[in-house]
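Note that the chains take the letters A, B, C and D in the order they are written out, and that residue 1 is the start of every chain.
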Amino acid sequence: MKKLMRVSGWLPVLFLVLNLSFLLGTKVWADDLAGFVGKSGTLRISGGTAHIPVMKEIAGLIMKRATEIRISVAGGGSGLGIKQVGEGLVDIGNSGRKPTSNEVQKYGLILYRWALDGVGVIVNKDNPVQSLSQSQLQEIFSGRIKNWSQLGGVDKKITLVSRDQASGTRKVFWKKALEKGDISSRALVVSSNGAMKSAVLHNPYAIGYASLGFLDDTVAAVALDGVAPTLANVRSGAYPVVRGLFSNTKGSVSGLTKEFINFLYSQKGQEIILRKGLIPVAQ
Amino acid sequence: MNRVYDCLLYFSAGICGLLLLGAVAGLTGFLLWHGLPVLGLELFFGSLKIGEIVDVIFLQQVVVDGLWPAVVGTCLLVLMALSTALPLGLGAGIYLAEYAGGKAKTLFSLTFDLLAGVPSIVIGLFGFSLTLYLHRQFSSLTPCLLISGLSLALLVLPYLVRTTQTALEDLPDSLRLTAAALGAEKSATIILVLLPQALPGIFSGVVLAIGRAAEDTAVIMLTGVVATAGIPRSLFDNYEALPFYIFYTASQFSDQHELQQGFGAALVLLIICVLLFTGAGLIRKKASYRLLYHSK
Amino acid sequence: MSGTLQVVFSGRRLLFLVTAGGVFVTLSILVFMIVLGLPLFTSNSFSLILTQDWAPDRGFFGIFPFICGTLAIVTLSLLLAFPLSLGNAVLIHLLLPPVAAKFLHRVVKMMTGIPTVIYGFVGIFLLVPFVREWFDSGSGMSILSAALLLALLISPTMILVFVESFAAIPKSQVRAVAALGGNLRQKLIYLYLPGAQNGILTGLLLATGRALGDTMIALMVAGNATAQPESLLDPVRTLTAHIALVMAADFDSIEFKTIFACGIILYLWTATLTLTLRFLPYGVLKSRLNRGLS
Amino acid sequence: MIVEKIVEIKNISFFYGERQVLSNISISFAKQTISAITGASGSGKSTLLSTINRLWEEVGGARVEGRVKIWLEGQEIDVYERQISLPELRRKVGMVFQIPNPLPMSIYKNLTLPLKMAGIKNRDLQREKVESVLKDAFLWSEVEPRLHEDARNLSGGQQQRLCIARAMILEPEVLLLDEPTSSLDEGAVFEIENLLLSLKERCSLLMVSHDLAQVRRVADSAVELVAGSLQ
């Protein structure tokens, strides 16, 4: 009992500190984020992992400004994003492929394509093989070419890295780069673009594929039939393995979800998208 | 010839010891080497200044590039799991030790043994599918802190039951007889005599349970933990947690800074868990002494 | 005071309900998985799931490679961990001078507190590159890497159980052998190993359970490839890792349903282990086990 | 008559931690006799016995000062001078304990274990020795049909005779007996005493006992220990 009294004696002090910090926390800003200030609530985002860097950055910005807002960002893959938003488990479901008309109809999805992305083949920086033909790529991923020496590289086994079934990146890569050819079951399986990049970064003999947003100088992007996977080549249409990045909602939305989607198309939002290595698309 | 065998025995046992110690030293050394340099306020609060950190603690400021939300998430998880499992575990433990008898006792304790053996990912799967099922009934429920906490409670429940039960059963019967001879009812015997005596044993079970709840990754991975969420405002929010942060970073860090954060997080979790496990014995001794001899 | 007593006294029924609740939940885990996996039993024959390969692109949803992967990793880790644990238990209980033995015992106890995810984390950055370069085969993410880490994870459990069961051997018997001129090796062969048989088996079963149930190490360092393994250096996917990976899939798909098959298999395996343990005659050891070990 | 010594204890002091259990004891025992050590419980009788086969070393925290000499096949050996390995010493100096301690294995295996440990692997020889030692212990007729049953199923007196047989199977020169009958009933005591008297020809027996009547019945000589010193 005595203990309780002692604790309750601290309450006014606590209150004061709380209020003070609240005053310090609310500063007025006038820019694209202004729409969030004063709002509160929770926004759940999940799905495509190519979207994550952009989503995380924006979520951080918003939460820092409007501390009553909570935004959670999860991965899981495009398939999961579409499914979860459809079932109402999240507010925004991201996908790295266009949801099928079946999915759109079933759940009444509304699609927002806010960026253009390519799927690039990546190898370790130290790998001398940095250019492949499409047919070579298909042979590699089907497991028919097993050793880098067959491609003019070192005499080491090739480590294939692939993604799981829920991945939109996998689907696009499989369709457009492999032309629906086999992917060997000996391939390592990772569950996100980030994991793909770090797998290739750490294994000098690995080959994988990832969103352009994840390509930087830590890994080597492989030119496909002589065309490097760069933003410029995607924009010009020279690089073939291209896809849109979608954020999907169930039906038309309002409030926080709407503000978030709008921010993706705002000037600041498009800046962030570009900075993360993707090509922003106007609404 | 015998001498040769003897030497062989000493030699191979010695090798085993060295291998084990070497592995542990390698593991902790590796984490310390990479983790110690980043251990500091920045690891937890990112680029925030000291003044802002106070705001963080009162939820007026958000940490975006630090471990703080994960630490808070893990603490909340442990709290949730324990506050659910402790009363249940104690109750079931007392029942099994003092009331149940015959077939019921065998059957019940067998079931708790079964539960103790169920892999954590299967418990996570259970929590996840239960959520899916409930979501179809009440659309507002999604994987969240509440579900994770309850699933973890399920994970640690058998530890609590078993430690309570054995702590009570290990007490000498003379204790029960003495209490009975003094005219105490069974319930009074349990509360006033047996439980205080069994407390050290029960306590070690609680510590074990905290450790399990804090380190488990498989359960929460399926039931609501996410990479970025901030501090949860309610039981129905997503959350971050230390072990998941470590797993996430290990597989998909994008730069050196994130990797460093991962090492920092691993070191923090290691320190927490090891302190919990080794400190438990110490506190246990002290607690039982205070309880039994230092009454005020 | 009497108020509290009253509550507990009438609370006998409450205690029973609590206990029964725990029992109910344990059983409902299995029921839930069977119900949710039901479409699997009806639409696709269950035996196909158990025996086929995993190739969703071609319509194969078998989890056989994952069963193989799980068994391969668990077996190898036990093969590695058993002698290691026995050696350390012998060191602790018989060979080392008291101070050193106490130190090693402490370290082993501390090891039980190391989170699994940390083994995985260190494994990725320390062990995997090592295995890749040393054995010069593929990615380094392999049965071997996972089994090595898993061996480290399960050894403390085994060592502690072994030491406990060595300690449970009556001093009088130890003296008898000593008085007959038995040296350490002979004590071990003629007294400790046979005397601790049940303890050793218990330790092995407990460790097997832990190894079977582990998710993080396999998920992080075994590579998760869907092919059937052919060598120790092949990447594999375990049942547990399959659950963790595919749970992100479309809930209505067959792929998603297969994780319930994995769940059921894991549940049945661990239940068998628990039942075996339960019917081992291990008397004293058991209460010791329940108290401190998992 | 010249008495041939078998064991000589010289200035033995024994410490258990800080506590001194034996202080400066010197005594010698004659060959092929039964020598008794008597005294109240806690006077250090058993400890004194354990200094001869160094069994105290099995328990931590103890320390010994002084010397113990034994004569094996006429050769003088200092027990604490590493002239003889510990296992070898214990094979030559057998010991029987207060509470019978058959090992958790069959009767037959209890008896062959010391042989195996001493490197005697010949099966026929083992069988032969088992039979003769059981006969010597007046146990053969009782246990012959159940040689392969658990030794712990025997009665207390039988167990103790088995333990004596087990100690004798290596043909030790000295047999240490630590209150060998105190846990047994009267009939069994009588049988054991008979057995001990019959063993006298083959080896020297050192027996700790607090039963003065027993000492009078079987011992050729006796000394008394009081609080760790000879009286």
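The rule is simple: a residue touches a chain if its C-beta (ideal position, glycine included) is under 8 Å from a C-beta of that chain, and two chains touch if they have at least 3 such contacts.
None of the values given here were measured: they were computed from a predicted structure.
S.K.: Across all chain pairs, which one has the most C-beta contacts?
M.R.: Looking across every pairing, the one with the most contacts is B-C.
S.K.: So, what's the distance in Å between the C-alpha centres of chain D and chain C?
M.R.: The mean C-alpha positions of chain C and chain D differ by 47 Å.
S.K.: Counting in whole Å, what is the centre-to-centre distance of chain B and chain C, each centre being its mean C-alpha position?
M.R.: Centre separation, chain B to chain C: 18 Å.
S.K.: Averaging only over C-alpha atoms, locate the centres of chain B and chain D and give their separation in whole Å.
M.R.: About 53 Å, centre to centre.
S.K.: Between chain A and chain B, tell me the centre distance in angstrom, where each centre is the average of that chain's C-alpha atoms.
M.R.: About 33 Å, centre to centre.
S.K.: Pull out every residue in chain A that's touching 2 or more other chains.
M.R.: Residue numbers touching two or more other chains: 75, 87, 190-191, 199.
S.K.: Scan chain B for residues touching two or more other chains and write them down.
M.R.: 2, 251
S.K.: What pairs of chains are touching here?
M.R.: Listed in label order, the chain pairs in contact are A-B, A-C, B-C, C-D.
S.K.: List the residues on chain A that touch chain C in their complex, please.
M.R.: So the residues of chain A touching chain C come out as 75-77, 79-80, 82-83, 87, 156-157, 159, 161, 164-166, 182-191, 199, 202-203, 205-206.
S.K.: If we count contacts the way the header does, which residues on chain B are in touch with chain C in the complex?
M.R.: Residue positions touching the partner: 2, 5-6, 9-10, 12-17, 19-21, 23-24, 26-27, 30-31, 87-88, 91-92, 94-96, 99-100, 107-108, 110-126, 128-130, 132, 154, 157, 159, 161-163, 165-167, 169-170, 185-188, 190-191, 201, 204, 208, 211-212, 214-218, 221-222, 243, 246-247, 250-251, 262, 266, 269-270, 273-274, 276-278.
S.K.: Touching chain B in the complex: which residues of chain A?
M.R.: Those residues of chain A that touch chain B are 17-18, 21-22, 24-25, 42, 44, 46, 49, 52-53, 55-56, 59-60, 63-64, 67, 70-75, 87-90, 190-195, 197-199, 214, 218.
S.K.: Within the complex, which stretch of chain D touches chain C?
M.R.: Contacts found on chain D: 53, 55, 58, 60, 86-91, 94-95, 97, 99, 101-105, 113-114, 116-118, 163, 166-167, 170.
S.K.: Quick check on the complex: what are the chain B residues that touch chain A?
M.R.: Checking each residue of chain B against chain A gives 51, 54-55, 58-62, 64-65, 135, 139, 142-143, 226-230, 232-233, 237-239, 251-255.
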